[in-house]
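After this come two complexes, each holding chain A, first together with chain B and then together with chain C.
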Partner chain A sequence: MAQAQAQTTVPYREAGGPQGKAEPARMKFYIDVKRCIECGGCEVACKNENNVPPGIARIRVVTINEGEPGETNVAVPCMHCSKAPCVAVCPVDALYNRPDGIVALNKETCIGCGYCLYACPFGAPQFPKGSAFGARGVMDKCTYCAGGPEVAFSEREKRLYGSNRIAEGKLPMCASVCATKALIAGDAEEVANAVRQRMAARGAGGGAWGWDSAYGKGL
Partner chain B sequence: MAGLANVFGYGAMTNHQNDIRNSRSIMIIGMNPAENHPISMQHILTAKEVNHALIISVDPRFTKTSAFANRYVRIRSGTDVAFVYGLINIILANGWEDKKFIAERTYDFETFKNEIAKYDPDTASDITGASKEDLLWVARTLAENRPGTVIWAMGGTQHNHGTGVVRTYCHLQMVLGNMGVPGGGTDVFRGHDGIQGVTDVGGGPETLPGYYGVGETAWKHWAKVWDVPYEWLLERFKSKAMMEKPGFTVARWYEGVLMDAKELGQESNLKAVFFMGHSTNSMQQMDRVKKALEKVELIVDIDPFVTNTAVLPDRKDGIYLLPAATNYEQPGTATNTNRDLQWRQKIVDPVYESRPDLAIMVDLAERLGFKKQFIHNMKGDWKGVPATPMSQKDKYEKALPEQTIEDVLREINMGCLSIGYVGQTPERLKRQQEWAHVFEIKTKKAVGGPVDGEQWGLPWPCWTDKHPGTAILYRTDVSAPQGGGGFRVVWGPTAPDNKPMLAADGSAPKDGPTAGYPAQKDYAVDLTGESIKLALAEGRNPYGNGRARFNSWNIAADPFPIHREPIHSPRPDLIVKWPTYDDVKEHYRVPQPYKSMQKPEWVKSFPLILTTGRVVEMEGGSAPQRTSSWLVELNPEMYVEMHPKVAADNNLRHGEMCWIETPEDMDGKPSRIKVKVKITKRVGPDTVFLPFHWGGVFEGNSLAHKFPEGTVPFSIGESANTVTTYGYDRVTQMQETKTSLCRVKKA
Partner chain C sequence: MEPIVLWQHKWGLTFHIPWYLFLGGLAGGTMTVACLADLLTGSQGRLQRFAKAAAYVTVPAIVLGGLALTFHLGKPERGIAFPLFFTNYQSWMTIGGWILGAFAPLAIAYAAAWYLNFGRGFRVSLAVIGAPLGVLMSLYTGFLLSAAWVIPGGRWYVPLWDNTYLPVLFVLSGLSTGVAAAGLGTLLMARFSGPAAHEPMEVAEVASLTDVAAIIVEAAWVYLFFSALKVGTTGQQLAYNLVTGSDLGPWFWWGFIATGLAAPLAVSIVQQLGKILFHAEAKWVFGLKFLLVLAGGLMLRYVVVWGGDLKTPLVFPPSMWPVPGISGPPIPGLGG
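Take a look at the complex of A and B:
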């Protein structure tokens, strides 16, 4: 396992970037509440791409104040936090930060204790329903379409974690299909640029929901 | 479409979705793009963010789109004419109209002003339910933020005076001078990706392809295109009169089966019905549809999925399901809402027994004895296709050579001269596909490369294979060969009152004659294309340079749109003042009563307005969507949206079942459906909303046992259209599914 983990393909920044050196990218999500129209495209694309069973939502669009002024939609995947509380509380170290910031899960280490569910501010960890004796089963969550600690593109990876678009050099499926570009994924620098541009155009408020909570203050 | 065509000359969205990025105000009325055109929202929201465009959402429901609006105005369903004319009344009272545009490019503004006087703010507010403050705010916003666009969809058209509603939207844009400019226009979004194309190639019963109508000239033109003798076509009809008579519409075909033949506009009843990619649960009065499907001798349903049609009628035989290939299994073109054509590649071979639509059509033509004529213009590999019916092993025909589909487009290029479907050749469309990256997002125009200067999708009119296409119709700041044009001259150079129908001096496409001019002679029937080229060489648009009409003197409905109360109106007092039309003896071969169907007493026993619409997870009859586990998980079952007050008054709680009942229509019996209650303030306390996508349950009884084995969708449910009632547009016969009356009962 450790060997496979070491082999994980992570995206790198170009050496010519502001940092001036090649280093792992920091993959983030930007969820723009001023743009999300609750079309559900991300949810369906995620399920189709990763073959997620019914009842499990690796990303879910939440609507508040439905049908009234102030109605707002938020797509909620795993935010892949910088100091991820789920990683901190996991008693078996099944959760870990990849060098590119993606919070990955080892399903074969997970004991289904559910601590991560209580720790996560976004409700990202998912558990299958209806197991006997109330057992939760192994946790499942958004992988940022980066598969898991297995050989990339292997049958085993596909079965346990779904697709590995990051290793293919592609963005997560949810962000790729977003109709209004409400959900943006990518390296922190690129994403921050998009947020900055939108803030400048709007005059106020980038609408970046969950940003502070996941990544701390600032861009 | 008829509304637009009767004002401007072409029945199409005038600008394009990307162009909304140039708008400074956006009025979305009778439409919910966040659910029904999600991709378009990126342009609408960009306009809001970058241009600070003000978005106004006018709808009986507070939709997902309304959530993004700067102002939401709730109007009573079916009162759009009063709302829009109320706005124009305020605009004229304040002198906010574009006087130059009106003088140079429109017809009969003087009489129009008198009509508008009837809709003072008090009247408009009383009819629509919108406050006078709302009306003033919207009028001022549209006037102060030009260019602005008006966007609508079926919320505007599905009324007994839907064509009138559409014309009022056009009139608003004419008064504001928002026509023919980037960021302006009348932007109707069509309901499906290919609907504009279907209309263009003669999907309606009143015209051959290219809007030529069904008269003798039209038939002779197409006889020339198809290279068959006109007499041969004539022979195939009972008489010349029948040949030139519009057929039944999709809205009321079933009356052709059910009514006594003596009442019909033809000698006998309909005996067979063919469905190609159309579902019956989107048809109003589905209880009548069901009866017709039981009475008709032959039903053929051509679809990739088992639709509602297959399970609705109680009959043992006479239904044939032909599996059709999906758009991923066959190449071809699709025309989108803004007239753009796009080439579609085939991704995979058709699965199982499914076949490309064209292969099915050719086989049908063969059985009917005119395959030779039917495939005449298919010059490619087509002739090598075996004449015998295909077997499953017959890979050759299953995989239908791409060349044959190209030939179909070439035939359209040859024949549809009237709308300039000439330059969208397969070669150009495929080249655009390859060079898609060089098109600019705001203008849809290519910069550089072999496609330099072309508009994406070569939107019609695209007059020649050098023409860039017309992304924005009726635009005079570019030259005719570059996609400029005035309004289309369809009704001659002068109106019946001898006023000019050609544009005034000073208003014409750049680099051509400076004043209005008539259409080029024979441009629509000259197959050589020389007439078109001649006009373009002189800087003239082949269709002429005319005026947009406030007064549509030759339309079947009112010359100036008049507010007509819905057939099922909740306001008996307004029925007296604003009644629907007089009964019509024959419309598309069926009698069409109006006033005799409008009963003021209905509202006493059916106090709620019933409106229908779509949800984002589903599409049309939704046979494919309800067969997808991911989509069904997101929207699992049929429901009714109900205001908390309505629910409480009827002792209903969220998630309980209730009956929705509507008045008797032509059947003489009330209809009802059993659905789940969803309590929400999306609807007001006078309205309930039903999504129309479900099927497979009829008046409380499941039809699941009728599906062929293994084809029951994951989700079946009552169809909203089981309870939608009688009511049809005076011009197009579009169904009045947006406004009816109903009552709610605990189940």
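Take a look at the complex of A and C:
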């Protein structure tokens, strides 16, 4: 019942798109390292919107070469992989792919084993650091601001997972507040179009993607 | 630009998982050698005492290991009710739950069959199942860490947990620690059975020689494993440096290689020389050797779990991140 409720709230692509038919959108993040300024707005907005417990970071900004020429910042949320390793290894199917590609979590079945933490290449699954009587609790991760399998907008969903902006027709809070639009979110096709425009504006070639700074002009 | 190297700590923060991997592997080893000794030596063979001791050691090992495994969970009650909750049969944790769920009652029944003298027929029927199940138990602890096969494309994100080497290493370590624990159990049973008890030296010597063979094979496998890491991917090279270098190096070199492999072999050589030259034998030397093997096996599990905190580095820029399931040519960093 709760699953069915969640499925009614997934965003759909318009008919007439490249596939020529209405189908669930495929929600993705894109991180533009040329624009990120390490303001931390995404981290704060995520915590505020979803009442994220202390010690948990559903998104974090990683700084490379700090204080040196070429310092670069990258926001790292859950990448919502299409064939997610965390989903593959979870023994209790607490992690699952929604029809819109969002990797969702069911905290009611999670056993807190930590297997997903080791499977994920991006460090998305987070665990509480400990509580009374040594209980370590269940996993927490970026929900793409899509809540959980509970009834949408219910108090229980809000308490366990945070807000459900996707069901409201909105984008994740981190991307919504990003001042420089370094972190963009949405249907893969729409995001891809935005990225293509940026690439064209910066000029063709590897520089648009950071290749030059990463690997030199020769590539 | 340097890659992004993520560190994540969970299983290495508490004693639960290293001890579970150690005790689970050890229990698999003791069960296997107990069943093999029981099956291959006949009802009057001298290794019957060894089989009995090994069967007795298996029970506390698997019970304590199972408790450690259960109580590392954030929700232990859901782990205990695993037949209800574990629904993903692609996951090695689910497979392992069932292996453990079959192994523990069998090990207890086998030990009870020895203790209550149920008769050899019943015991043999348990041993026929117990021997391969013991190997499976040790093997699964390795696959639990390196379950690359469930990941599409075979990618696994903890470079140290290489599924080519780790499961076999854990089986070999399970056998060597299992033989050592069973040998120690044989000595202790003789010690506390009073003066009329059997003479355990012959049995301890067989166990000791078996352990030497297991340790030599294990050492060769460790060499192959770390040689492959040294010339592997960037992540594997980082893992190699982490384990053999300054961070975990002392634990690896002194805790595992010296204590668990080199010292027992040295003790065996000294022991054999003493026996040949002076016709001298001492039980405590066997006991010392078995204890060294056990300490090394435990330290191997700690090093492997601690080394798992290092994740495969993410190359820069993010447009090159291998997001699973997205192939393509694609929209770099986004996929199709």
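By definition in this document, the second predicted complex is superposed on the first by the 189 of 219 C-alpha atoms of A that agree within 3 Å, B and C clash if a C-alpha of one lies under 4 Å from a C-alpha of the other, contacts with A are read in each partner's own complex, and residues count from 1 in each chain.
Throughout what follows, a residue touches a chain if its C-beta (ideal position, glycine included) is under 8 Å from a C-beta of that chain, and two chains touch if they have at least 3 such contacts.
All of these numbers come straight from a predicted model, not from anything done at the bench.
After superposition onto chain A, partners chain B and chain C are found to sit side by side with no clash. Touch criterion not met for A:P24: it reaches neither chain B nor chain C.
Of the two partners chain B and chain C, it is C that touches the larger number of chain A residues. Of the two partner chains, both chain B and chain C are touched by A:T72. Touch criterion met: A:I64 reaches chain C, while chain B stays clear of it. Of all C-alpha pairs linking chain B and chain C after the chain A fit, the shortest spans 13 Å.
On chain A, the surface patch touched by chain B in one complex and by chain C in the other comprises residues 70, 72. Of all residues in chain A, only 34-35, 37-41, 43-44, 47-48, 54, 66-73, 179-181, 198, 201-203 touch chain B in the complex they form. If you check the complex, the residues on chain B that touch chain A are 34-35, 38-39, 41-42, 45, 49-50, 52, 62, 64-68, 72, 616-617, 629-631, 633-634, 680-683. Residue ranges of chain A in contact with chain C, taken from their complex: 28, 30-31, 33, 62, 64-65, 70, 72, 74, 76, 79, 81-85, 88-93, 109-115, 117-123, 127-128, 135-139, 188, 191-192, 195-196, 209-211, 213-215. Residues of chain C that touch chain A in their complex: 1-2, 4, 6, 8, 10-11, 72-75, 78-79, 82, 85-88, 90-94, 97, 145, 147, 150-153, 155-158, 161, 308, 311-312, 314, 316-319, 321-326, 331-336.
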